[in-house]
Amino acid sequence: MQLGKFIDLNSDMGESYGVYKYGADEKIMPYISSANIACGYHAGDHHVMRKSVELAAKYGVRVGAHVGFYDKQGFGRRFIDISPEEAYEITIYQIGALDGFLKVSNMSMSHVKLHGALYMLAMDNKEIAEATIQAVNDYNDQLEVYALPNSIFAKCAEKVNLLVINEFFADRPYENKQVKMFDWTLEEIGKPTDAGKRTLTALQNGIETICIHSDTPGAPDIVKHVCETLVLSGWTIGRGDHHKSRKNIIQS
Amino acid sequence: MQLGKFIDLNSDMGESYGVYKYGADEKIMPYISSANIACGYHAGDHHVMRKSVELAAKYGVRVGAHVGFYDKQGFGRRFIDISPEEAYEITIYQIGALDGFLKVSNMSMSHVKLHGALYMLAMDNKEIAEATIQAVNDYNDQLEVYALPNSIFAKCAEKVNLLVINEFFADRPYENKQVKMFDWTLEEIGKPTDAGKRTLTALQNGIETICIHSDTPGAPDIVKHVCETLVLSGWTIGRGDHHKSRKNIIQS
Amino acid sequence: MQLGKFIDLNSDMGESYGVYKYGADEKIMPYISSANIACGYHAGDHHVMRKSVELAAKYGVRVGAHVGFYDKQGFGRRFIDISPEEAYEITIYQIGALDGFLKVSNMSMSHVKLHGALYMLAMDNKEIAEATIQAVNDYNDQLEVYALPNSIFAKCAEKVNLLVINEFFADRPYENKQVKMFDWTLEEIGKPTDAGKRTLTALQNGIETICIHSDTPGAPDIVKHVCETLVLSGWTIGRGDHHKSRKNIIQS
Amino acid sequence: MQLGKFIDLNSDMGESYGVYKYGADEKIMPYISSANIACGYHAGDHHVMRKSVELAAKYGVRVGAHVGFYDKQGFGRRFIDISPEEAYEITIYQIGALDGFLKVSNMSMSHVKLHGALYMLAMDNKEIAEATIQAVNDYNDQLEVYALPNSIFAKCAEKVNLLVINEFFADRPYENKQVKMFDWTLEEIGKPTDAGKRTLTALQNGIETICIHSDTPGAPDIVKHVCETLVLSGWTIGRGDHHKSRKNIIQS
């Protein structure tokens, strides 16, 4: 097998809350290599977190903290004007809470991904990027962070030697290489085959992880198709070990 | 100095929330050896938790998770009929969240203390006791748990070899050796000197930690007086190392 | 048309929350005569409330406040040990909030129904029954209250001359004339035809409203079948005007 | 007594929450003519609301809804990017909830005042201004709205014939006639006598209500001094009846 032919497939999991079911977690988990689990701030709760960690464990899927604004009613999708200090604090709180459930399942956290409006904010806003990056780095400098390629967030992470994973959103339209995260139409997203084509193109540009949201209409079909397309194109779904060697190069 | 002449002095800290200040944390922290920090469920939030951990660090005070019901409006003081499964989950979540802040401060969690209505419930209810104990034990079997002497909770903890710290409430009235946790009067609590006297008596009965609530009227004076009374009686405030040897005995 | 041949059909509506959809509101609303709309405490939020009121208006459905514990994560289904004073206050708050949306839609509130664990508690607990009844009565003594027949709650309401509507749950099993509100199985609920049969039997016992929960599996089919069964048996779905005359009798 | 020599004195009341006490409500209520009571979104809860309404009733103080963002942890002081539709909905919900408590106390709501970040946002943002104004107007077109003079919010209100009350903040510094609502220093606020002087100057510019925040350090002394200064200068504290005649003029 060729070195470096690994591609990570990630999805946002654990976004249910109390009686409220959300996302096709059970159908998607078998196909992905990394699950970003909500931590009770923008979605999820202590029960959903435990169940989500167990589901990830069942399929050998890596677990990362999906860190969002404290705004369940808005699902973390609207901007809240928090200070960098508070961005640091909400990141630590959420990572810690999820890590509790990983610890009792004998698992380790692999990565951190910001969610929704906080994700978009941190990609462009240096103060918030630095604060959240510092939180991740202070907590565990071996955690990977998912980011838009060439974003301010990615650069901040690289500056402190955190491993950045360049992310592409297979189920979101792109305009002028900019992801359209909100207010997209189903027509813009297109069929699963469109997502597959977009993904293959993206892989030519240094993309290291493919995200498919678990709440996109038809998400299980999209995930399945993208997964199969990747495998047929010679890719192995997963992070592989190549990031470790790269990490060593950076640190030496 | 005589071996075993250590006595732990603990207080509930970090119960402020947003703009809401609560408890005399700054005045009490210098006198105590163990701080039970609220974890955002019954009180506290991510900001208060970080500040409280830093305050504890400043005075070399041990930090434990103060685990309560998810009920900020009721301050965790009223019973909620949760399942043992959920008792397990809220314990893991809260311990994990606090541990995040300890980790970035290079500190370790020393103990877990349940709060308010959950504390009283777990002392008597075997299923809830077992669930919360299992959560602590699964997370870290070196954590101490604070408990009423001879409670069901204490027995459950001992059964899995968790170290139980027998607790006495210096600022609460006792009737027939039962602590009156709620609905007490200021007259029943009395002066700081009354708390001091109650404490010295309690120490003859195998008590290992003395609690003074940070929100009891006059708390700083009570803490200061109890602390001085103990020191004048030859006690050293702190957990000392004797628990480690005891732990070894239990495990061997 | 025969006097008294009206039967009310009610359902819990507006239990969605933020991005979380819950209940088959759109499918059920056309068949019912009374909607109990959640008020943001156990379920619902300001947006869902507005949309639910508009949906009820579209189908000419009466609107009542569905008053529950402040516990969205538990969906108001678990007991919380609140004081009668607080039971009064949460009732006023929720009725008032919903009434705001009715007012801007030029509608009037017709009734109040307690939800979940608060419903079951108030049926048996005199203090909580009296407190919630007093809240309804203080707010508007023309509001109807839905209740289990012969419950303490029903008796408290009658004592202050509030109009009690005796309720039967078509989609819940009954054992010894006691409704099994929680922990039922789908087998116990049976088919829509079973619900229809149970309903016809219940009507012989002075029942005045039939409830079908919008989140029961297959709820739209159950509602449709029960509705058709009732109509075929000569009933008109609705509260009619007979309650007004009865009310007059009581008051004179 | 001279016509028009009335001046309204308002303060934000009812900002406590659960065990958390906030603001000097008891000391301030005797001096003011209008209380803006928090409605459980940015502060307050059902219990605090009831107690606040009772306290206002005791001193014959007018009650208005203090409408804020749904963000208790941030006390409604940080911007949240909500849609105009949601601004409408949160306004209706909060007004309705408070009106419930007024109704059971046989009182009427006199005015609406936005809180914190929502106040500042609505003063400048036309869409949010129009949405909140429409909510007030749809609910009850006799409600007064408090506003910064000449703000977009004030103009929107005037366009629909809502009565605007021009507001001055006695306990906040002004720079170039712009109020500095956040990040002020105690030095900038100065002594109670400084607040008194600022107030007298402001009255020459068409100000109709003077606000003193209940949580400003030394608030009771400031309120007392401003109140006395106004009375000594010949003003009567209160809204008087002149607004009604003005209203008639506008409407004719």
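Per-chain numbering from 1; labels A, B, C and D assigned in written order.
As a working rule, a contact is a pair of C-beta atoms (placed from the backbone, for glycine too) under 8 Å apart; a residue touches a chain by one contact, two chains touch by 3 or more.
Only a predicted model underlies this, so the values are computations on that prediction, with no experimental measurement involved.
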(message) For the identical-sequence pair chain A and chain D, what's the CA-based rotation angle in degrees, nearest 5?
(response) 180
(message) Report the inter-centroid distance (CA atoms only) between chain A and chain C in whole Å.
(response) 42
(request) Quick one: report the Å distance separating chain A from chain B, using the average Cα coordinate of each chain. (result) 37
(message) Going by the contact rule already set, what residues in chain B reach two or more other chains?
(response) 73-74
(request) For this assembly, give the contact graph shape among line, ring, star, complete and other. (result) complete
(request) Give every residue of chain A touching chain D within the complex, in rising order. (result) 70-71, 73-74, 78-82, 117
(message) Using the touch definition from the top, list the residues of chain C that touch chain A in their complex.
(response) 17-20, 22, 45, 72-75, 77, 215
(message) Touching residues of chain A toward chain B in the complex: what are they?
(response) 40, 46-47, 49-50, 85-86, 89-90, 92-101, 103-104, 135, 138-140
